[in-house]
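Per-chain residue numbering starts at 1, and chain names A, B, C and D are given in the order in which the chains are listed.
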Amino acid sequence: MVTDAATGATNAPTVGFLGLGIMGTAMCRNLLKCGAFSKVIVWNRTASKCDELVAEGAVAASSPAEVVQQADITFGMLADPEAALKAALGPAGVAEGVSAGKAYVDMSTVDEATSQQIAAAVAAKGGRFLEAPVSGSKKPAIDGQLIILAAGDEALFKECEAAFSAMGKRSLFLGAVGAGARMKLVVNMVMGSMMGAFCEGMALADRAGLAQSDLLDVLGLGAMANPMFALKGPALQQRQYPPAFPLKHQQKDMRLALALGDALDQPLPVAAAANEAYKQAKSKGYADADFAAVYEATQISNLSLN
Amino acid sequence: MVTDAATGATNAPTVGFLGLGIMGTAMCRNLLKCGAFSKVIVWNRTASKCDELVAEGAVAASSPAEVVQQADITFGMLADPEAALKAALGPAGVAEGVSAGKAYVDMSTVDEATSQQIAAAVAAKGGRFLEAPVSGSKKPAIDGQLIILAAGDEALFKECEAAFSAMGKRSLFLGAVGAGARMKLVVNMVMGSMMGAFCEGMALADRAGLAQSDLLDVLGLGAMANPMFALKGPALQQRQYPPAFPLKHQQKDMRLALALGDALDQPLPVAAAANEAYKQAKSKGYADADFAAVYEATQISNLSLN
Amino acid sequence: MVTDAATGATNAPTVGFLGLGIMGTAMCRNLLKCGAFSKVIVWNRTASKCDELVAEGAVAASSPAEVVQQADITFGMLADPEAALKAALGPAGVAEGVSAGKAYVDMSTVDEATSQQIAAAVAAKGGRFLEAPVSGSKKPAIDGQLIILAAGDEALFKECEAAFSAMGKRSLFLGAVGAGARMKLVVNMVMGSMMGAFCEGMALADRAGLAQSDLLDVLGLGAMANPMFALKGPALQQRQYPPAFPLKHQQKDMRLALALGDALDQPLPVAAAANEAYKQAKSKGYADADFAAVYEATQISNLSLN
Amino acid sequence: MVTDAATGATNAPTVGFLGLGIMGTAMCRNLLKCGAFSKVIVWNRTASKCDELVAEGAVAASSPAEVVQQADITFGMLADPEAALKAALGPAGVAEGVSAGKAYVDMSTVDEATSQQIAAAVAAKGGRFLEAPVSGSKKPAIDGQLIILAAGDEALFKECEAAFSAMGKRSLFLGAVGAGARMKLVVNMVMGSMMGAFCEGMALADRAGLAQSDLLDVLGLGAMANPMFALKGPALQQRQYPPAFPLKHQQKDMRLALALGDALDQPLPVAAAANEAYKQAKSKGYADADFAAVYEATQISNLSLN
């Protein structure tokens, strides 16, 4: 932060934030609290959701275009690809307000095509663009512990250092626009297969007369120990799956990752087999349960015989 | 350790140890060092391997039978099922020396049938038996940080507490004889599928223009973070697989776990798909490489096009 | 065929035909030869391809629109979805010429969405529509032995009886527009999995020291005997795959069928595994070979060790 | 058949037959009827089952050893490996009666190890051996239309020409003892995967709003047309599976074929995926139904939602 000797005004950059849902509000609050920015301008589709942050020092604007016009860098955290597209390309959207020197950083989770479309619209107006989807949910967002998967304009990535430090524990620059979306697919594919492997182990243990709690203990003590097994193990034991990451979303990501592999001629037989298990679980009525409910696809006889 | 007031002699139990390979020597040394035993009697097929421990306070015997006759509890750590069977049931073996009140704890990695066979022979002579295969290799053996998967005689398991504490960081009692062998299969099946999932993620990242190091970073920061990915990631990046756990052994364990699932009608489609990848890697000449070489099964085009 | 008593003119319907490639020329010639139509009007993008059929009695027109205006029922047999869309919806296309009472029967192989789009355009102008992709290639087309998978307007299907009898050995009415495209996917998915099963059998026979010719004999004598095994067996034995149905098209159909299963939550693990084998074969350079080259995906070691 | 000029007696060989179940009785009757043998000597564990054939001209003996002593070539058709072993190696079994010049042809369906064991026992006594399992069930046995998969002594195979012609429509000589058993596994593996592919097609058709009868028609008209689809299609439509070949036997053969592939490092991903479906169907209670009941593994939602 540089202070102008004559005016006493800081030269700290001004930032904007679009989308104040649960994630966005937490992330934006961390931008406010870090003290690195002279001004934080916010917008939300339902304007009343801005009140909380305005009370904490933010300034509300009436449209994405207005935010972009006032801020050096604007961050977006919209609910889904449709909302991200509307905020970026809709009436009074980012593309209307952006101009040379301005930057837009979309942190929403969107597919590669959507990201490319927003990038092109921003570039067409002379603006700069970064896609920056995050890994992590509510708790890490509040604690400023997200993992940020950035791709696009590398200089802009560096300028975002203070902001990313406020919101996340780590930010990675992955390459050209689209790389962030692809990385999320690859990571979620590994997660989906790994959960499938875990469920088969839990099911086989049970059938083989072993206590599942013993298997969890052994897995937790060795080279495979990981937070996900520890967290989801009890869910499998109780066959209760309160949704953290809904199974239908996991299955959609498996499908998209398989499609990516298909387009690149990359054989992915383990993921393909796991995907079929997610489809079975969906088919059995677990689409909205947590993705750990893929365990139910391994429990054929229990349901039909009991 | 209890001291007999009249004689001044300690009542600390006497223990025996059969098999002084890399693992056995390290484990037996921890028994010696812990001070809980009045005597440690050792035997090895090649007798000279006993010298080192004898210099540290152990007493050598000339056969497994002799060890069992002198010790309250005898531990075995033989190289493979054949060696385990020979030490237990061969000439001057455990079964010849065992009698009521004596106990044999086989910590070798053997299949369930072998374990049952040894258990029956010991029981037929009035002895007590525990199977106790371990999870962990050289380093944890030296550090007394093994995980001990025990099954069989539960009272004996409790009597082994001091010994297991000296050799491992955790011991679990899993049930009747055979449960230890089955648990190892289940754990190794999960490990094999998980490695298969990891390799597909690394391969897809590469094909999709992402840096594998970025994927490793992201995986290492999230809920899937585990020592195995951290350890094996560089091997995949370099496509060099110095053997820690040979691929042919991993594939054998997958096969045996699938056979167990088959016998129990437990569908295991993810493990079945992963097993086929191990078979491909074996077929390509990676049988003796580390099991991480299953990565080569995902690298179809590179080998054939280069 | 009805003769008008006053004029002596027959009331036999007039038919049109769009697309005179190898398939289309053969099919249209059968319409000409059957004698059921008073006039056969033809169009092809490259006009010179009409000459042959004009010499045999057809009448050439200069655009799809002109054909449709002159014919009661117009058949289309275009090379791919793009060509089918252009002939139907492009300048001077079917949609421009069609009107109440006119009918368009698209026999091209197109995806369901393309078919729906053409159907909607024809309906918007008051015309009637039938999709009617065929099963069978050059030889059955010449011999009038195609299988016609029709869907859309059932009354129109019945009116096409004479035409379909001239071109095919059997026509089936499958339901609403889209059913024809879906049926082709299902059939090709079964074909792809069945070929995968066949290749594994041939590979295992070879590895197990059995003569592949003996396996072919045994398969040819029993309940599984089918023309495809008989036709493709020698290709596998010689590892030569002159393209009849290119592997990349088979893989595309597997992918689309799996996507259909995905949309409907229908588990398809066998097809998913087979699809991965096609991807491997593609990855090894067999995209343009016959789909029987999926056999190369089973021949891992031969290629990498030789 | 050669007539001895001096005695008028024919030199036609004498044959024996062990095992008069449904299959054996039909096969032996064809030996009797063909007129190529001077005498047909029969034995069955339950002696009364011989009566029928004795009435038709056969001669009963009291043990396998007695049959072998009287016959030039003895055929066996026992119910399972246990019965085959007992008839061959048990008290008064084939091995007791066999000697130089005598031959035993085991047509029972047994595993390779059992076949090798019987071959060795016969050879140890100087006898000759052929394994000759058959493909086909009751109807082809009655009609003399079996397929005979022979392996072992090739000269003996040629001497069996008249007998095999009487019992089968085709006999193949496959190589050394064991090749017959392996060929049956390969064939049944292809059959199991092909049935799995067929079931997925039927299930997808149904979910996609297509009539299964239409799919059956289309499959029956094209290059995939085969008796099995025609026979089993209605079973799938009605979800009724009267056992012709029990699912548990098909699954066992899949398992053994996969084990063979495993031993030979032959990847078999399609068969592995199909095997998991058979396991699911077994798990759902269809072990004793016809193997077409693997269709139930594709019908996840119906059972859980109804």
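Following the convention adopted for this analysis, contacts are C-beta pairs under 8 Å (C-beta built on N, C-alpha and C of every residue); 3 or more make two chains touch, one makes a residue touch a chain.
These numbers were taken from a predicted model, which means no experiment stands behind them.
Over half of the residue-numbered contact pairs at C-D are shared with one candidate from A-C, B-D or A-B, namely A-B. Among the remaining chains, the Cα-based centre furthest from that of chain D is the centre of A. Taking each chain's centre as the average of its CA atoms, chain B and chain C sit 58 Å apart.
Chain centres here are Cα means. That of chain A falls 43 Å from that of chain C.
Averaged C-alpha coordinates put the centre of chain A at 40 Å from the centre of chain B. Multi-chain contact residues of chain C (touching two or more other chains): 261, 265-269, 272-273, 276, 280, 283, 300-301. Touching chain A in their complex are the following residues of chain B: 135-136, 147, 149, 169-170, 172, 174-175, 179, 182-183, 186-187, 189-191, 193-194, 196-198, 200-201, 203-205, 207-211, 214-215, 217-219, 221-228, 231, 257, 260-261, 264-274, 276-277, 298, 300-301. Across the interface of their complex, chain A is touched by residues 255, 259, 261-262, 265-269, 272-273, 275-276, 279-280, 282-283 of chain C.
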